[in-house]
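The following pair of complexes shares a single chain, chain A, combined with chain B in the former and chain C in the latter.
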Partner chain A sequence: MVEIEEKPEVSTARPGGRKPSKNGRGPDSLGGILAKIILLGITDAVAAFVLFQLALSAEWLVFGISLLTTLAINWIYLRRGGLPAKYLAPGVIFLMVFQVFVMIFSTYIAFTNYGDGHNSSKEDAIASIQLSASERVPDSPQFPTSVLEKNGSYFLLVTTPEGEAKLGGAEEPLHTVTPSTTGPTGAATGVEGYGTLDFATLLQHQAEITSLSVPISANPEDGSLKTADGSTSYVYTPKLKYDANADTFTDTATGTVYSDDGRGSFVASDGTRLNTGWKVNVGLENFERAFTDPNLQGPLLKVIAWTFGFAILSVATTFALGLFLAITFNKADLKGKKFYRILMILPYAFPAFLSGLVWSGLLNPEFGFINNALLGGAQIPWLTDPVLSKVSVLMVNLWLGYPYMFLVCTGALQSLPEDVDEAARMDGAGAWKIFTAIKLPLLLVSLAPLLIASFAFNFNNFNVIFMLTGGGPRFDGTTFDIGSTDILITMVYKIAFGTGTGRDYGLASALAILIFIIVAAVSALSFKKTKALEDLNQ
Partner chain B sequence: MSTLTTKATATTVPANKASFGQWFKAKGWRHLVAIAATVFSVFPLLYVLSAALNPTGTMAGASSLFTEFGTGNFEELFANQERPFGRWFVNTLVIGTVTSAATVFLGAMAAYAFSRMRFTGRRVGLLTLLLLQMFPQLLTVVAIFLLLNFIGDIIPALGLGSQLGLIMVYLGGALGVNTYLMYGFFNTVPTSLDESARIDGASHVQVFFKIIMPLVTPILAVVGLLAFIGISSEFVIASVVLTDPDSQTLAVGLYSYVAQQRSENWGVFAAGAVLAAIPVMTLFLFLQRYITSGLTAGGVKG
Partner chain C sequence: MTGITTPGARLTRRTFTLGAVGALSALALTACGGSGTPAASSSPAATAAATSAPATGTSLTMWVDAERSPALKNIVAKFKAEKGIDVKLVVKDFAAVRDDFITQAPTGKGPDVLVGPHDWLGKLVQNGVVAPVQLGDKAKDFAESSIKAVTYDGQTYAVPYAIENVALIRNTKLAPEAKTTLDEVLAEGKKVVAAGDAKFPFLVGLDPKQADPYHLYPLQTSMGAPVFAQNADGSYDASQLTLGNEGGKKFAQLLTDLGDKGSKVLNSNITGDIAKEKFLAGESPYFLTGPWNVPDIAAKGIKFAVDPLPTAGDKPAQPFIGVNGFFISAKSTNALAANEFVVNYLSQPEAQDELFKVGGRPPALTASFEKAASDPVVKAFGEIGANGVPMPAVPAMDAVWADWGGTELNLIKGKEADPAAAWTKMAANIEKKIAGSK
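Then we have the complex of A and B:
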């Protein structure tokens, strides 16, 4: 096959766009065709599997999109011509899904109340409320029970007072089975195809087993079986009864009526809310909340201010130090220059996420090396004082970032034309004057795109903040886990995935959209400044 | 004081006869600054190395650097079953290598198309890439989490908790700044080379693999390396996707070591940090020259 590939083909110029071929193209070499068939075959096989799974789950919208994508891929690679698409398609597909689509999806989530307590459809929420809020029927008969296991799921095997063996799981209502083994009292203990749990395993998986609730029939109102000890189970009925016509839940004990509030929850007339809700569109509410809720407004404004402050000061400090060192080292005959250089850029080579963690150890107020060893047991609250923690974050980011600026400035300094400062010196300008009036402006012009990129990077510099302070010290007067050194992206992360207050994907996405807008504004600025656009026209 | 004085001082300071004052004014202060900067740079790294070797194991243990030595922290690091450091290391290498290799390949294909072919939408395509790379993927972490959650319901092998799923997410960023760096470099390879190959009968695939790719190896190395370094440090998305300790990367795993009790596990964490940093730093210093040129072309550390 290789030989064939090496043999020059008698084909005319490929349509690289510039030279459209006239007499049609011969096929690629045999090896090329084989590789193409195999790769496309694998892609199609995977696609077929995905489509099959999607059809099983009845996700018809996604099914349609996936089908169209698969057809498009086949069309791109099987037709003649259209060469650019063949080279671009693989990267573009990933880009569309995991960069473009997720941005659109974020925007959609920002307009919903998606989050803990609101994470599925209304039907799921109703079923879940019926199952979760249940109480034991006072005169329930006792069911001798064994706990069985199959493929990692647990099942209850019970013997009814009439002596009938029944089996059921969380997703599978009780049904009659023929037991394969029975215990000394005549109760069923095992069924073909399932493993019976012994006492030790039972203890090990206690939490999962006690929370297991087996529906008695397909109708949730009939109640369910639960076991507390793995050997006896009782009937539980829903404490809340759903009325499908009125679309309300009624508490069987107190008679309280909970009705749909149109915002993804069942709410009683006194304002009590059932914990399980569902996902609905809430319009601009997340944005409104962010800027009007007193619990959120103050902290958010402080966080926005600090995000800008952090990004600007980080660029300013790293650039200043980097430039200063670049000037200092810009002397050809300085001894040991290479040696200094290697050691100085080490922080840049050190993995960024580790830097924050290592510095958090150095700066730890109680046990940290700086307080304990260097400052002789001082108790300086480097990371726990609102102001000092900001200084610490900036200092650590300076440590991380100045080697980059040093490298960049060194490059830029060396490319400055020599004759300019010679001319200036002739005119009697001093060193400082030449620097401020000539060199610095020239440097700023050539480095502006990099400084803007650095600003954009620091604007979302999650690692340094999260690893060093975790955003703390926490603000007073808010229930959210937000603090003095939090920037927008760490706030988004903590609201979406933090512990403590529940996950709120809607609010987190709304804040992410806010970052999008700011970043877009900054990049619009950088587009104006860079020459990137002109390069495109060549 | 700046470089401008270079020429003037060079003539007035013949090395041996200069007084200390003159030497200091020309060079000495530069050494002082250099030493200060070097200490600032190196001190935290020495500290973590010292903590890793200190058998006391807690943060409070050491009052000066390199007083005690022992390998206890390293042994404990590898003995911990709940926090499998070895697995994290391998996971990071695998995820990093696969992603950066695929990134280089996808990016090179796109750059080849943009650099060598003229087609409708080329300019718009390049512009869109330039625009999209302004929005880092971590901003969409919530959507990525929910998307993988959905994918996991359909195909568990690609959903939450799957490394393959994470790699796919990372590949969403394969085009973008990388394509841009490569595009610029591809343009420096003269088109007469591939034209003559075409005339000799080479197909576009052969031109790509046999003519272009060998000539652009430096930029491939830079992009691959930057991608690898970026991904081995990536925390946000990895922490959300990889929930099982066995499948986690070093960034997620080592964070979990000190997230709760920072002080108690300090020695073991430091040992892990040293081991995690060594490969990246070695690679970096080894290919420093390449990286620096790549950086000045427009990249920022990720």
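Then we have the complex of A and C:
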């Protein structure tokens, strides 16, 4: 749930992407049938490809879901009747894939500790710890090596610095042999009774060969030979040993035992933790942390308050300016109206993230255009003072947002009946009275849903915040990289991907769910109010 | 030091000879390490021209950024010819590589090999996605500092190929003589400004929101305040933060003295881009920056020299060095092929030479560096880097940067009445975070 939303679309319903037939013609016409066959054929071909791939990688759950979906699509479009389903199916499928699935996945992540240090499964973590813990014995020589094969087992044939050839396998400690062949540098390459692998064969058995570990003597403490490239091997001893039965790692030098702490890490009794951990379920901990961790609690509340402030003030200011300009430019006798209107919507034509960057430069206290040219060299810290940065963000968002409000208000104004205006004037109402008592309520009926959408958009207005201030200036007294102008979505982004305290997808997902609940609640409440407004007008 | 051309552009007789010697010695070394079987031989130069290996059906995927991709084409072709293994170079947005790799490696869909700076290591190891790389005797062929940088918790994880660090770039027209201490540099800079030849005595790019602990680090180390204590083997001990020691407090005072309320030498509104623009315009005699700005300075026709970093205290000014290297995925299903490519091919002088030609950073391989050092700029950067310390790779660094930068910013802006106390508070905060992130 951390994707960035696009500009709010005016809520005109878009017809479903794929339609089974051409406009106005029944599915029985020739063109309709042809279109149906072609579209369904393409869909099925893609589905067959996907299913095949899924079957190959043994993803059976996803395979089952995809198969059912494909069958359902075919059933919907091949049967007679059921027209609503034919229109709704594409939309519903996209909704499931891009919204419902994402939400379910976010919710799942919110209950885990997925993030830096808890990146994968426990098996992966154990493998990785073993890999890193296997250390080359200091000052041990490097051995020119050949990989030999006998009865399906692999052996390493090495030549010691003294020129002695030694052979060993997984079950067979290294022992001296007499080589049957030697390479150009004098290193042993073959032994009677064993086959020497060439490079292509090595590649085919990479996994077995790179995991082959040959004890150098009968005493396992002496270490074992391993090769990473099939031509050179080194003596390694493990720094940590894994005991599969006890599920613990033991430090071979100090004897410290690291055991599974149930939270995705191996921890010693003194609290030291092995580098690599794994992903586990942590229940409600992420939600709890958001409101109890002293590092997070204070900043989070401040951020929530500012998010509401930012969203409400952004809607209010852009709407006020947009409406004012719309009314001003709605005068029938104004000359050059078109020209002005085009000028008005220019800010809307720039991508928001670009504008954010440009404004960030303009507002540089010393070299920025605003301070330098407009304010005569005043050193106003537009983006680095906690209060002023909030003002700057609101101003830039006003600049970015009013054209949209101007557009929708102009549209709504033009659809208002002229006669109401006239009747009110006949009754002796002044311009202000007409505006507040008649025009504004009428406008709000059609504009209220857009204002709610605009609120939801600004609530998650990532671009402006991130490009202009990056959320700064930072709060004191927290270890998180959160600042005065951070809104919830930028805070979620920073926790999920940002610098500071490492990525924490679990916590970020928990906060994303919090955002979802807030936006859903506010929208539901507002739509209810709008309903009342509509009833009032009827 | 006049008439400097772009790094690597000149191929004099001397560089050629050096190159040939370097190639031969490397050849001898690799041949010693190789086994006898002709197919598995790791002395590729000998067989390169003669035969080309049959295709093995194995292929490696490597994530690389757009700039380095062309430089790897030759070595990839050579690897294909000798070993029959295809290396698919996937060009990725550099900024996204680390996190994408961490996310994708556990699914088994990540690359086998990737290119990145060494300070990713802490994160990569923490998430269990990189495999150790055993360089064996080849480690001796690389600059010691670069091997130290790619070593984490006693294990080597990458084959290094380039070292980068900052240096003091001097406009030789404005300031003809090299100075060694910060006081001398600033005095010289102010003299030039007073004479009306420049506007800024000294330039360093800062971030208006975060200052820049990386660029300012040499000044800090010269006052005896490295970020972490170092173990005997040169690795960092992240449990011992030395940032907040007496030297650090003095450094805090220095930042305030040079900041907005003091001599205004450091200005947090001068971003890296603005600093570069001003230096290119000839408005300052000094610019503390890295090799990434050198091509533009040379292209502008400014006569410049690369000086050692000025000291502000009695210790050497050690910059952070960043080492770029090649990592192998812990989840690679082609571990043997990946090791062969990374350890035995990418460590060859010709691979490192090519990478130097596009990047202009001093190569990590000594033989390649010696060739590249015919360019005085590369030589100077390399010598300063040899004196540097690797940027710490511990995951705790993430927590350190933010506080460090924020406090430096406040000091430069003169917002802290008691610089030493602010610095101590920062150190305490960072210690708390490091403890919390464990």
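General observations
We take it that the second predicted complex is superposed on the first by the 323 of 538 C-alpha atoms of A that agree within 3 Å, B and C clash if a C-alpha of one lies under 4 Å from a C-alpha of the other, contacts with A are read in each partner's own complex, and residues count from 1 in each chain.
Here, a contact is a pair of C-beta atoms (placed from the backbone, for glycine too) under 8 Å apart; a residue touches a chain by one contact, two chains touch by 3 or more.
All of these numbers come straight from a predicted model, not from anything done at the bench.
Residue by residue along chain A, chain B and chain C are tallied for touches, and B comes out ahead.
Legend: residue contacts after superposition of the two complexes on their common chain; A:457 is shown touching chain B, with no touch to chain C.
Of the two partner chains placed by superposition, only chain C is touched by A:188; chain B is not. After overlaying the two complexes on the shared chain, residue contacts for A:135 are found with chain C alone; chain B is out of touch.
Of the two partner chains placed by the overlay, only chain C lies in contact with A:229; chain B stays clear of it.
With both structures placed on the common chain, the touch criterion links A:364 to chain B and to chain C. Legend: residue contacts after superposition of the two complexes on their common chain; A:180 is shown touching neither chain B nor chain C. Touch criterion met: A:497 reaches chain B and chain C at once.
Common to the chain B and chain C interfaces on chain A are residues 364, 366-367, 497. Chain A makes touch with chain C in their complex at residues 116-117, 119-121, 124-125, 127-129, 131-132, 134-136, 142, 144-147, 181-189, 196, 198-200, 202-203, 206-207, 209-210, 228-232, 234, 239, 271, 273, 275-276, 295, 364-367, 383-384, 469-470, 472-474, 479, 481, 497, 499-503. Partner chain B is touched in their complex by these residues of chain A: 5, 8-11, 13-14, 16-18, 28-29, 32, 49-50, 53-54, 57, 59, 83-84, 87-88, 90-92, 94-95, 97-103, 105-106, 109, 114, 324-325, 327-336, 340, 342-355, 357-362, 364, 366-369, 372-373, 399, 403-404, 407-408, 411-413, 421, 425, 431-432, 434-435, 439, 449-450, 453-454, 456-457, 460, 462-463, 466-467, 489, 492-493, 496-497, 505, 508-509, 512, 515-516, 519-520, 522-523, 526-527, 532-533, 535-538.
Partner chain A is touched in their complex by these residues of chain C: 31-42, 53-54, 56, 58, 83-85, 99, 102-103, 105-106, 123, 125-129, 131-134, 136-137, 153-155, 208-209, 267, 269-271, 274, 330-331, 333-337, 339-340, 343-344, 395, 398-399, 401-402, 406, 429, 432-433, 436-438. Of all the residues in chain B, the ones that touch chain A in their complex are 1-6, 10, 27, 30-31, 33-35, 37-38, 40-42, 44-45, 47-48, 51, 58-60, 62-64, 106-107, 109-110, 112-113, 116-119, 122-123, 125-127, 130-132, 134-147, 153-155, 168-176, 179, 184, 187, 198-206, 208, 229, 232-233, 235-236, 239-240, 250-251, 254-255, 258, 262-263, 266, 269-270, 273, 276-277, 280-281, 284-285, 288, 292, 295-296, 298, 300-302.
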